[in-house]
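Each structure below appears as structure tokens.
Look for chain A in each of the two complexes below; its partner is chain B in the first and chain C in the second.
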Partner chain A sequence: MPSKTPGQAPGKAIIAIVIAVLVLLALLVPPLGGDYYVHLLALVFTNVILAASLRPSLTCGQLNIGHSGFMSIGAYTSALLAKHFGLPFELSLLSGAIVAALVGVVIGYPALRLRGVYFAMVTVAFVEVIRLIAQIWVPLTRGMSGLSGVPKPNLLGITLTTKASQYYLALGLMLLILAILYKLERSRLGLIWRSIGMADPLAQSLGVNIAAHKLLAFMIGCFFAGVAGAFYAHFIRFLFPPEFGFLMATNILVYNYVGGRGHFVGAIVGAMFLSLLSEPFRGSAYETIFFSIAMLLTILFLPGGLITLPGKLAGLRSWRAASAPSPSPAG
Partner chain B sequence: MLDVKDLRVRYGAVEAVKGVSFSVSAGSIVSLIGANGAGKTTSLRALTGLVRPSSGEVRFETASLLGRAPHEIVGLGIAHVPEGRRLFPKMTVLENLKMGAYRARRQKDIASTLGMIYEHFPILKERGRQVAGSLSGGEQQMLAIARALMSRPKLLLLDEPSMGLSPIMTAEIGKIIRQINDRDVSIILVEQNAMLALTLAQYGYVLETGSLVMQGNAQELLRDEGVKKAYLGI
Partner chain C sequence: MTASLLVQSAVIGLSIGSIYILMALGLTLMFGMMHIINFAHGAVYMLGAYVIYYVFFQSGAPYFVSFVVAMVLLGVFGYLVERSIYRPVKGGIEPTLVALLALTTFLQAAGYPVFGQLDKHVPPVFEGTKNVLGVMVSVERLVIIPIAAALVVGLYLFINKTKMGAAMRAIEQDKEAAALQGVNVHVVNGLAFAIGFALAAASGALMAPIFKLDPMMGEQPLLKAFIIIILGGLGSIPGAIVGGLMLGLIDSIVATALGAEPAFLLSFVFIILVLLFKPTGLFGYAQ
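And now, the complex of A and B:
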């Protein structure tokens, strides 16, 4: 990657325009699209939050296959607090996120000392344990009957009754969280996360307290997974333990890999692309097959994820352009 | 400045360092030489807390280093250029340097240290935005040393800085090591290239399979028949 200072200014402007256009389009969905698209896209936005919030620990090199467990904790905490104690949405959402983050610290403190696949195994066990607790603790969660009657979200005392208003809430939450996570990733903290992911003994020898930083990254991810869960609870208004199982956790991971882990945009692209394309199969057995095929195709043909596709295509084109005229002078 | 007494490190059943003692006085270059597996790297790793010694004593200035975490030891003013993977290959040169100043809190300090580093290593300024993995072997070694200097250490531990470098590049690195030492940074130099190590150092220690077998003035060691035969190939 040679230095390319002149190319950078227009690059930034283009990115700003693309973001503005996308946000504008997103704002126009409720008045122009039907209720179906409003509902679908609000769920896509929660998936984007989940995928992006996995990045801090992925960047540290931690394979977390239990993210939906933290979503579940956020969802149940917020739903129960709002339903039984009448907590306003802002507070119940925050409580859900904080509880998810605290559980993240409790799980992460011992588990993050494990490396590679051992850590991943702990997170898999965790997500199943959370699912089982939600199923078995019937007096609190209603178990497999599902927790129904979760209040609609409200803001500053005003209940958001329409799907459109809830959609805007989801959009706002997503944009806010993406901005925070992006800022973090570009900060000194993000540099440290990358250093741990690339070569943790080296980072350690430079004086990075890798255990503390892994835990912090993990906790930040759990917090935002809790936010996504809390929104989901008040949006769907019905919580069913298997929804937050292992399958959901792997999906969040697959969003990141298919989108591409090399850049922040990868998580967003992956979550949008896969949750929209998998929509026809949602809830059926084909959903798993779809995600498996998407993952396999990525590993085989686009190891860097969808975000590397434009570069690959450009490379292909220049390779063709270079190889096409070369025979003519020879002949 | 640094006093190591009877340091022992074991990896499971194997004792890699069997009671080694050495010391470094302020402003000097000390080298540890010896063949592969002599325990040089392990000794360094024990100093910076990357492995835990089973017994022994390590004093740096007034502090005891034993049982401290690596990040505390870096904070005391010791920087380590480890062997093996020395850089973050996918980070830019500048990002690698910033990682070296990880302990420095103030941006102003980082900027002034960076200025000093660029004086010594102009090539790194030129390559600032390039990915570290794309540098040549010699440039990578320079970057690794420069990054260690970013923490403004009082003591620098260099593990095999000449490994894999051409003779010309090795000489260049030797010059840089001397320049660093001129700025009052003490250095422990671990090398298989005993000729380089002993021409740079004032004092040398010879390790064999985890034990200290000889020590002395670097000049005297260079003239010693045993050292000549075993390590200098003369």
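And now, the complex of A and C:
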């Protein structure tokens, strides 16, 4: 007989051990791996933050295809404040995130009155508007020449000059943000978001202030997208408007879908899996081709995303075992 | 801005508006029936333009033959997309949208290795200029207006006078009831995909001799079409026509006065205002 039923949740202790091992492995990357892996993984962590920060929005049922716009706002705000006013990284990052969240409120307030496709279309248009503003406001952003010379990140007055220290910064930021977002999702607030996502007239009839909660979820997402953008700005140290276009916004959405939207882990799995697997094609057209094929295959054949794959495989095995004429001892 | 410049940008606005209308009509038709937004519309526009490049310019077929080839090829493609993406997802709106998004990025990205990295150009089809109300406008742009108008009228007649059109309207009102009356919902949805794709291909084919061709060329018209159908109300055909004309004129006149980017930003601000005060659009109805 099978010793464990498919789909059964593993114990809390096991989860804690898995997380501890993963973090330990992540801590060992700089001393053991080369600069290449350090750089690559820091970017992967940024993608994880972006993917996870889209979850509040998605949980509320908002098809948000505008997240890279808020990343862009966080990136430019933080970079410009640090470059021109010498603001320490902690403050410039926070300012970038706050400005992104404020713009999120200004855009979200009218846009969130719309549901489904209307909302999705406005977010797509928003990305283009932010990109265009970054392109034509040359005195501020340097436009298509790109904003270069963004200072390296610093913490408590100490500049993080090595890639390894910046990597640890990214890891720390990611873990902190993941913890916050996970706590939020598990709190009463997360429950309200889910209820809005499933049936908002019903949630409203139970006394949930939908408009305010949708806006709050959207704003929280924008805030953390701003954080990711700010880190990206000081890590790459060069900002180019088209980087934060429609394609990036689609990618953030794709991470969530391919990973699976049913559980918080989905965003992390999706971002890690796709960013690492697409690495050989980075920067070429094949990266996008790879992404879109992964996306189409997931939608058509694995609607729950990668996180449902183990359950499906286990289900397949037990179904085979059950339909076999004599139960195999291996189970 | 002088009067003649105003007339000139109004005529150009009318011809750009005609393109926007063709784009928006397919989108709004598909939305009315299936409640989905075809994100791939811009990519189909791009493919329509490339069909003109290869069939008209490279192979030397007559322009109108290439035009029809573009519409038919991409219409068939639209039917296949319904068959292989929309139908398996079983009407789930969000998965369909994301799948169409993936199709869009796929077509755009695949465009670079397939069509080449460099921009392509199609030589002018209609040379010369014509005097309209005392200003000179290129025939290339003028000719778009009657062609687009003919397609719009054709679509109107098809939807209102034929049996298939009646089936489309029936699905738009109530899918289950239509199915109970013997309408084959799958086939009619497939037809809506085919018509939407064919109209997008027609827009791209009309613009091919005017703009340069690159795999991302469909982005701007797609966004314009979004703005139009939000303005006119999703699912509303008159809304798409009026919205398209309005945006074409605003675009052309403001772009002449201030530049293309401010014109786009202005239309976005306009959209936010419309959404604030009339979220269902100017011609829309509450869902």
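As a convention for this text, the second predicted complex is superposed on the first by the 315 of 331 C-alpha atoms of A that agree within 3 Å, B and C clash if a C-alpha of one lies under 4 Å from a C-alpha of the other, contacts with A are read in each partner's own complex, and residues count from 1 in each chain.
The rule we apply is simple: a contact is a pair of C-beta atoms (placed from the backbone, for glycine too) under 8 Å apart; a residue touches a chain by one contact, two chains touch by 3 or more.
The model shown is predicted, which means the values in this text are computed figures rather than measured ones.
By the touch criterion stated above, A:118 is placed in contact with chain C alone, chain B being left untouched.
In the superposed model, A:206 lies in contact with chain B only, and not with chain C.
In the superposition on chain A, A:86 contacts neither chain B nor chain C. When the two structures are aligned on the shared chain, A:300 is found in touch with chain C, with no touch to chain B. Judged by the touch definition given at the top, the superposed model places A:31 against neither chain B nor chain C.
Within the superposed three-chain model, A:191 lies in touch with chain B and out of touch with chain C [touch as defined at top]. More residues of chain A lie in contact with C than with the other chain of the pair chain B and chain C. Partner chain A is touched in their complex by these residues of chain B: 48, 50, 69-71, 73-75, 80, 82, 85-92, 95, 98-100, 102-103, 128-131, 134, 147, 151. Those residues of chain A lying in contact with chain B across their complex are 1-3, 188, 191-192, 194-195, 198-199, 201-209.
The part of chain A that touches chain C in the complex is made up of residues 63, 65, 107, 110-111, 113-114, 116-118, 120-122, 124-126, 128-129, 132-133, 135-136, 246-247, 250, 253-254, 257, 285-289, 291-293, 295-296, 299-300, 303. Chain contact summary for the complex, chain C toward chain A: residues 31, 35-37, 39, 85, 88-89, 93-95, 97-99, 101-106, 108-113, 219, 223, 226-227, 229-230, 234, 261-262, 264-265, 268, 271-272, 275-276, 279.
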